[in-house]
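To start, I am sharing the structure in question, which I have written as structure tokens.
We call the chains A, B, C and D, going by the order they appear; numbering starts again at 1 in every chain.
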Amino acid sequence: MNDTVDVPGLMIYAMASEIKNFDTVLHGVSSPLPVLAMSVARNTHAPDMGYISGAEGVDPVVDRIYPSSFDTRQNRNAVAYFGLHEAFDLAQRGELDVMFLGAAQIDRYGNTNLSVIGDIDRPKIQLPGGAASAFLMPITPKVVIWITRHSNRVFVDKVDFVTGQGYNNRSEEYKKNEVVVVSNLGVMNFKNPDRAMQIQSYHPGHTVDEIKEKTGFDVRVVPDVAETPVPGPEVIDFINNIDPDGVRWTEFR
Amino acid sequence: MKKVLTSLEEAAKFVKDGDLVTTGGATFHRAPMELVRELVRQGKKNLNLVDREPALDFDLLIGAGCVAKIRAGMLAFEVFGLAPNFRKKSEAGEIITKEGACQPIIAGFRAAAMGLPSLPVKGMLGSDLLEISEVIGGYKQVEDPFTGEKMIAVRAIEPDVAVIHVQKADEYGNIRIEGPVYEDVIKAKAAKVVVVTAEELIPTSEFRKMPEATTLPHFIVDAVVESQKGAYPCSCFNYYDADYDHIKDYLKAAAEDQFKEYLNNYVYGRKTDE
Amino acid sequence: MNDTVDVPGLMIYAMASEIKNFDTVLHGVSSPLPVLAMSVARNTHAPDMGYISGAEGVDPVVDRIYPSSFDTRQNRNAVAYFGLHEAFDLAQRGELDVMFLGAAQIDRYGNTNLSVIGDIDRPKIQLPGGAASAFLMPITPKVVIWITRHSNRVFVDKVDFVTGQGYNNRSEEYKKNEVVVVSNLGVMNFKNPDRAMQIQSYHPGHTVDEIKEKTGFDVRVVPDVAETPVPGPEVIDFINNIDPDGVRWTEFR
Amino acid sequence: MKKVLTSLEEAAKFVKDGDLVTTGGATFHRAPMELVRELVRQGKKNLNLVDREPALDFDLLIGAGCVAKIRAGMLAFEVFGLAPNFRKKSEAGEIITKEGACQPIIAGFRAAAMGLPSLPVKGMLGSDLLEISEVIGGYKQVEDPFTGEKMIAVRAIEPDVAVIHVQKADEYGNIRIEGPVYEDVIKAKAAKVVVVTAEELIPTSEFRKMPEATTLPHFIVDAVVESQKGAYPCSCFNYYDADYDHIKDYLKAAAEDQFKEYLNNYVYGRKTDE
């Protein structure tokens, strides 16, 4: 593994790579990695993207991130404000290209759980709630799920509760939309006729076998599976500069 | 009509036990914390809380025993993790948790703001959230009358009271929010009663100088009270940032069973970190 | 007739009298009389009304009116802007208390026509269209219809087209809402069990008989019919001051 | 992405013959007149126009023979009376007039802006406007799924092009409207293509100084072109008032069968009153 690149850096770079130039992209709450990925993308290959902050600023100059992804200091030098209800209208029009969502559990078809461990009526663990997941998962052209603790307690055979809809819980129309999973071990997609999870790349220092072992179902592997691309030092510097406090590490603790 | 009040005590009296209440702001930003603390001091009971993404405001009310039911898209403390009192009371079955999703909650507020009984939303289909609709209340699958598209109709959410903290207000209830507005305009229009706490009361003449900066006109607002640092420890754009250290202390107090002490210090005792 | 009070002045005063203090009131397009009535009301008995201009200003200081009722100079010193879609939301919530509407024809139950004379598919006269009438007529607690040319071609037995709904075209729920007609001859209301038009007052210089004669149906008369109250000189001065060009006379030519 | 164009000619090419088009502003205020004149110069045909309360802009396009259909809540010249070309061609059966009402037209735009196939409105029931719904298109009586309330669903109105005149824009398509906004934000979000003419192009850095004044961000807008006095003879708040004398001349020309001369003078010949 490249000594200079840590796991958050790898994940942020992989997440940033999912954004194309001219895409309109939104991040939500509790999202240090998406905030950093959007900033990296805009400062590298996607200068023309529409950046909608969960803090409501459009195209802000994010010079620092904070424990809250809605911190208004992340709106600095924004060109406009754009409310979440406006961003959701864009999504309903099919014009929100990319959204980043979290998951406490995920299964082979990309169903995510952010609601409860155990029974919904008497939860063993009350999770924070799905926020935008149930709404945005099916209708957004591309959803990137980030997971910082890849294990077979997270990648499960069956989620306790379907908060965000995987491919087997979608209408045909929405099956064409893309889901990508970026974990601390690798990048997974669903680009096969069955829309079942498959390993696209493994991060440096990790292997396909390790990912399979830490996944609670029979995850597939793409024929041309490869190592996840590593960001250059300028990307890492960029990340370090705007996250000197290491907020991005919080999710890994 | 002058709507300005002289005390938070009076303002908090607009909230009755059992009311459906929503608060302005989002997570740690421009939440009406001082009025929330006053609700705790007045010992409100059985509140029914609804919001898209609340945090400290809802968790404090829950921890202080003011809440019977909660409906939110997400209730967490951002990167600090789960909302401690929410988690505890929900797992103990002491509050009823009706998990929604951000868009249906916004749509419910919007329906009420528009004077409509309900509003349809896309997405949602295929989520188990719909299967607990008996608990959640207010979802129905519908087909668009023109296209036949299957959508979820969300019943209007009309709070008894919306409590909103803003930067500036005048004595008639004209208000100015600076920076992000979140759903505050929608919530205010949706609610039966709108109670506003403001960092500053400014003369109406200031509103007349830049009407384009006015967020809500007086006829939407029912009561106004000045409340400096009224969002603390949450942020108030152009006035102060969120005090994340205080929020960490709150979490620590909740985790270490010292929540009563926290309430004594910061709510009943009105101690501040300043 | 009081020499100092002209017909527009009488009508404006009668229209202003329909506004109560604390009412939230909107005017629409082509509405010099409503603009003046709202200004008179706010400067006399209704200082606390919510004044929503069709030009979108809230509580503006109207120091002059113009040929367009949307002229932005009529927003001067407004405390806020409030768009028409927002005002319509208020109306759907039942919180818009008073609206002023015009009519090219009106019948005994208050049905108004602003659409066509003749057949809708091949109009003899294409009228301007009903604007907000079909929406606001039934749902607004009080609608004031102003008509500057009271004749039996305007007050007709049957309107050629129902643009705005009279009482016989409303659900029970909306029959409780009030309609008042202020014409150049008198003031008419519908405060009887049949919700049929009745003369409430006749303007100075006019009579009940004249109104009956110029009405194309059997209009009723309230038992305590009286002369329309005349505004004092300060009201007339106020009107003259903000309408020095006599825009209010346009509708009478 | 830079969206700035160098000429009105290019901007007008975004409008195709037969398109469903809406324009910004209301009656004589901030209508995109210069772009409308360019549409006339380019000889657009069979346009399908929709707006809440248009005036000169629609009447000019109708008089110049660019229009096949029109749907409006009201189309008149304020206190000056009926819209002359609209009345003439409508009575002659040369254009199809689909009278709407303000709220359903706004609701249709709103539905499209929200990505919904339709939106219900109150009122409307009992009006003959509903009985000509075959002509109008897009109305259906529905019952609310929760309350059973009878309402009218209005089909989404998604214009092919919205043409909007604004005070300020940058080269990326961020725009700032000063004063009343009318339905311009809703129309822009509803339309497939948004063409903006602006009194002034200003640097993006000016937008960054006061983001709260930005009306629409760049990703909603497709093309921007500078057009000084682009609303003339309509008003443009903070820049110029409506020229009511010019509007009276227009009416006179139309009344006295000198409309071609008017077009020659003010549209083809680009004469101005200045």
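Throughout what follows, a contact is a pair of C-beta atoms (placed from the backbone, for glycine too) under 8 Å apart; a residue touches a chain by one contact, two chains touch by 3 or more.
None of these values were measured; they are calculated from a predicted model.
Number of steps on the shortest path from subunit A to subunit D, with steps defined by chain touch: 1. Of all chains, the one whose mean C-alpha position sits at the greatest distance from that of subunit A is C.
Between A-B and B-C, more C-beta contact pairs are found at A-B.
As a whole-number value, the distance joining the C-alpha centres of subunit A and subunit C reads 57 Å. Between subunit B and subunit D, the centres computed from C-alpha atoms are 38 Å apart.
Once the centre of each chain is set as its mean CA position, subunit A and subunit B turn out to be 27 Å apart. Averaging Cα coordinates per chain places subunit B and subunit C 40 Å apart.
Residues of subunit D in contact with at least two other chains: 115-116, 122, 179, 212.
Contact with two or more other chains is made by residues 57, 75, 81, 91-92 of subunit A.
Contact annotation for chain pairs lists A-B, A-D, B-C, B-D, C-D, with touch applied as defined. Residue ranges of subunit A in contact with subunit B, taken from their complex: 29-30, 32, 55-57, 66-73, 75, 81, 83-85, 88, 91-92, 114-115, 120-139, 161-165, 169-171, 247, 250-251. Every residue of subunit B that touches subunit C in the complex is listed here, in rising order: 1, 112-116, 170, 172, 174, 189, 204, 207-208, 211-212, 214, 216-219. Interface residues of subunit C, counted against subunit B in their complex, comprise 22, 24, 48, 50, 57-59, 61, 75, 77-82, 86, 89-95.
Those residues of subunit B that touch subunit D in the complex are listed here as 115-120, 122, 138, 140, 142, 144-147, 149, 151, 153, 155, 178-179, 212-213. The touching residues of subunit D, counted against subunit C in their complex, run 26-29, 52-53, 72-76, 78-80, 82-83, 86-87, 90-91, 93, 97, 99-104, 106, 110, 121-129, 132, 135, 150, 179-183, 186, 235, 237, 241-242, 244, 247.
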